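Two complexes, one shared chain (subunit A), two partners (subunit B, subunit C).
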Partner chain A sequence: MMLYLLINGLAFGSIYALLALAMSITYKSTDIANFAQGELAMFSTYIFFSGLLLWPQGFWLLLILMLAFNFFGGFLLQKGIPTSSSKVSMIITLGLQMLLLGCAGWLWGPEPRHLPLPFEAGSVWFEEEGLALSSYHLWNLLSAGLLLGGLFLLMRNTSLGLAIQATQQHPESAASLGLNTQRIKAIAFGLSALTGGLAGMLAAPLTPLEPTMMWNNLLMGFAAAVWGGFRSLKGAVLAGYCLGMLKNLLAYYLSPDLDAMLAFGLIALVLLWRPQGIWGAKQVRNL
Partner chain B sequence: MLALFCGSVLAGFPWLVNAYWLYIGSLIFIQILIAMGMSVLMGYSGQISLGHAAFVAIGAYGTLLLRAEAGWPFLSALLVASLFGGLIGALVGRLGVRLKGPYLAVLTMAFGMACLTLLGRSDGLGQHAGLIAPPLKSIAFLPYSPTSFYLFLLFLVGLVYVWLSTILGGKIGRALKCIRDQEHLAESVGISPTYYKVLAFALSAFLAALAGGCWMQLLGLAHPDNFTFQHSVQFLAVVVLGGMGHIKGAVLGAALFTFIQVQLESQLFDGPSAYFGWIFSGGILILILSLEPGGLWGLWQKWNRPKPASRAL
Partner chain C sequence: MIKTQGLSKRFGGLTALDALHLDIPADACWGLFGPNGSGKSTLLHCLSGYLEPDQGEIWIGGQNTRMLAPFALAKLGLIRGFQGTYLVDGLTVLEHVLLGQHQHIPSSFFPKLPFLSSDHPEKKARQKALEWLDFLGIADQANQLVQRLPYGMQRQVELARLLAAEPKFLLLDEPGAGLNAEEREAFFEQITAARKSAGFGLLVIAHHFSLLSQMADHLVMLHQGKIVASGPADSIVQEAVVREHYLL
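Then we have the complex of A and B:
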């Protein structure tokens, strides 16, 4: 039972981890907290869903297309958001969130949809008291793990990743070394949109595909990002997985709809006790 | 003189229009109350809140419960519920007083959503079905009718407007602006940022709760669907549309926003209509902030004299 709860929690956790990572990447590179992250994912999942309706056999190709679409969408988005003040940019992402939410409701309607997967959600491992680990859990954990692993390799071992890190740490010196920091910021935004987009895809079978599906997930993603320190990518991922398991234990032993309470409690505690997050380094700012 | 003229025209409004427009007018006054509070919070103290729907909910449920369970008259129930909302606002503001950047936004967003969960779970608050308000017999010595409620709201908005103009024109307003622009400088000349920031938060929460109590009475019910995260973002859009530098901007923004939103949601389209309100608010936030961050008030100022509009963010 415990094992089931933890693994199911990891499945939720990978959604939170992906979202938190996406937010941390944008925040670290551009100082913009992206409140539209969840709705960007929701919208692209809807587009993916419409694609699948037209061409049911092309799941894998459409998946790759959708991720590429997200990347370019994020790339263009960074160019479009004015960066004069990070507060203005943040409020603009809130506007984008409302806009996407309204458009999705208008185009696809409020009724929940079912996102078809190319495999049956059959039990693969063990079954106990009616609870089963399905192939869906496997798909969720594997794809999130693959993307996260790929991103970490990209960040650590390629020149692009190093350029992104340099831009995050000190944009001026990175620019003076000849890096095109504007383009690197846009690429970081694209990577973040791609990561968040996969989170939407993975969330869609867990919660039905509907315009408001990412409200709770976005909040949990923010909670994970704050817990991890908002500037620490590793911290965001670890916090996301921990939060997923915590949420699942709470849902089983107490009540299933305490997500927002858990998120608020956690955010308030972290901000009071350790504002730089569990794994974040303290920011020192000169006046 | 102009104010007197506007006031008398607005007071004569109920005898000129039908019940539908009277309802829209009342809705606009309620939105103005919230927007003035948000304007103090964002424009004057430079803070942000994505959880103001929760304070509106506190006012709505508080007034309703005090009337239904304790049998209080409407006005005292409204006042006590609003003060309670202000108190909770002070607590949240105190919690967030040191937070910079997106952290305050995230904290208040989580606060709003946690309160919404609480509303949906509590038996005493009617869970997801909400509560029905007991009918109102009289309001401030007048027998209750849509017209008297409208006049009451007009009076309330005028009162709050005069009160806010007075305190914002004085020491509190200057201290808040100083903290917004140069927090460390303010601290060094003996202005406590903590005190004034919490004060601004409590004030805006009080006004939101006041509006919540009136809104509940106008609708005749309190329902969790009226206090979602999207409502908090809409309050933000109202203030951004009007302009954050001055409470006149908030009044202007609230009137225009509510008018357009109601038209979008009720008349132009059929079908699931809240979506058009959302598209509208999202579009407002994006367009105004990209093109003219000062909002309508900033535009008006720019147009009247070539002095740069006051810095909003």
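Then we have the complex of A and C:
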């Protein structure tokens, strides 16, 4: 039982981890908390869904196209958001969130849809007391793990990753070395949208595809990002997975309606007790 | 290499730079000094594209650069250092110096794969970075995280990173700040040695007149945004205004 709860929790956790990472990347690079992160993911998942309706065999190619679409969408979005004030930018992302919600409702309707996967989602891989871990869990864990691993390799081991890290910490001094910090910020935004996009794609079979599908997920992702200090990428991912497992344990042993309480409780606790995040270092600003 | 004409910058009622004319040859080493608030750092900010001047023009290598962003100026070979260290937590010494090389290597997603040939640009960059670290005598720290190093060494990493950017002209803002007298002298010697080896021009701000006059072949004193003395080190010490401020 415990094993089921934990693995199932990890599967949910990978969605939260991806969203938390996406939000942290954006925040770290541009000081913008992108509240439209979830709806961007929802919207791109709908587009992916429409693509699948037209071309049911093209799952993998469409998936790659969807991720690329997200990357360029995020890249262009950063160029469009004024960077003069992060407060203004945050309000803009809130507006974007509403806009995307409205558009999705208008284009695809409010009724929940089913996002088909190219493999049998019900096939049992592990069964105990009537609870089953499906290949869906495996797909969820693997694809999130792959993307996260790839991102961390990119950040650690490539000149682009180094440039992103330098731009995140000291944009002025990075620019003086010839780094085009505006473009690097846009690339970071693109990577963040790509990460969030995969989260939407993974969430769709769990919570059916509908305009509000990312609300709860983003809430949990946001809580995980806060838990990780909003500036620690590793922290955000770890917190996402922990939160997924915690949520599952709480749902089983207490009540399944405690998601929001857990998320907001954690946000409040972390902000009171360790505002820099569990793994975050205190932010020192050079004046 | 660097030319300004009528360069002015005001902050509200304060005139930080007052119609400055400068003409710095490409291979020269100029020292900039003056009391606090005299406009030295403002001048550096304007030259390197971090502040837009209110009036006047700037030419770098014959090109008017008044409206260019800092990274575009860096691509022209104008590299600047900042006061203090701006090192990136979590990166190693070598990675910092590689950052300096960034504009000279095309981005690649697979740099650390072992089967890359030796003329791969990223490998070359690594080689160059190590050479600069060796030049400054900190090659043995290459894989150390920068936040673990003592301050003096962090300054050297900062310098190595600027050198790796292959400046044609380098601007330094108080490179000796925070170092003790001995470290400062050694650091200035390293800067001079690097300049001789790589052959770039240098404009350096410093408070330590004696060190500055040893290093620079031309000194400029700023006061209230104006040039009040300018000339070779041995003649500038004769100027009354310099003697007044620096008690020579």
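Please note the rule applied: the second predicted complex is superposed on the first by the 282 of 287 C-alpha atoms of A that agree within 3 Å, B and C clash if a C-alpha of one lies under 4 Å from a C-alpha of the other, contacts with A are read in each partner's own complex, and residues count from 1 in each chain.
As a working rule, contacts are C-beta pairs under 8 Å (C-beta built on N, C-alpha and C of every residue); 3 or more make two chains touch, one makes a residue touch a chain.
Because the structure is a prediction, the values reported are computed rather than measured.
Model built by superposing both complexes on subunit A: subunit B and subunit C fit together without a clash.
In the superposition on chain A, A:3 contacts neither subunit B nor subunit C.
Figure note: vertex subunit A, arms to subunit B and subunit C, all at CA centres after fitting on chain A; angle 100 degrees, rounded to a multiple of 10.
In the superposition on chain A, A:170 makes contact with subunit C only, not with subunit B. Touch criterion met: A:110 reaches subunit B, while subunit C stays clear of it.
In the superposition on chain A, no contact is made by A:68 with either subunit B or subunit C.
Of the two partners subunit B and subunit C, it is B that touches the larger number of subunit A residues. Looking at the shared chain after the overlay, A:76 reaches neither subunit B nor subunit C. In the superposition on chain A, contact is made by A:157 with subunit C only, not with subunit B. In the superposition on chain A, contact is made by A:181 with subunit C only, not with subunit B. Applying the stated contact rule after C-alpha superposition, one finds that A:92 touches subunit B and leaves subunit C untouched.
Once the two complexes are laid over each other on the shared chain, residue contacts for A:101 go to subunit B alone; subunit C is not touched. Smallest inter-chain Cα distance, subunit B versus subunit C, after superposition on the shared chain: 17 Å. With the contact threshold set out at the top, not one residue of subunit A is in contact with subunit B in one structure and with subunit C in the other.
Only residues 27, 31, 33, 35, 82, 85-88, 90-92, 94-103, 105-106, 109-110, 211, 215-216, 219, 222-223, 226, 230, 255, 257-261, 263-265, 267-268, 271-272, 275, 287 of subunit A touch subunit B when the two sit together in their complex. Listed in rising order, the residues of subunit B touching subunit A in the complex are 48, 50, 95-96, 98-99, 101-103, 105-107, 109-111, 113-114, 116-118, 120-121, 184, 229-230, 233-234, 236-237, 240, 272, 274-286, 289-290, 293, 313.
Looking at the complex, you find that subunit A touches subunit C at residues 154, 157-160, 162-163, 165-166, 169-170, 172-182, 281, 286.
Residues 48, 50, 69-71, 74-75, 79-82, 84, 86-91, 95, 98-103, 105, 107-112, 122, 125, 161-162, 165 of subunit C are the ones that touch subunit A when the two sit in their complex.
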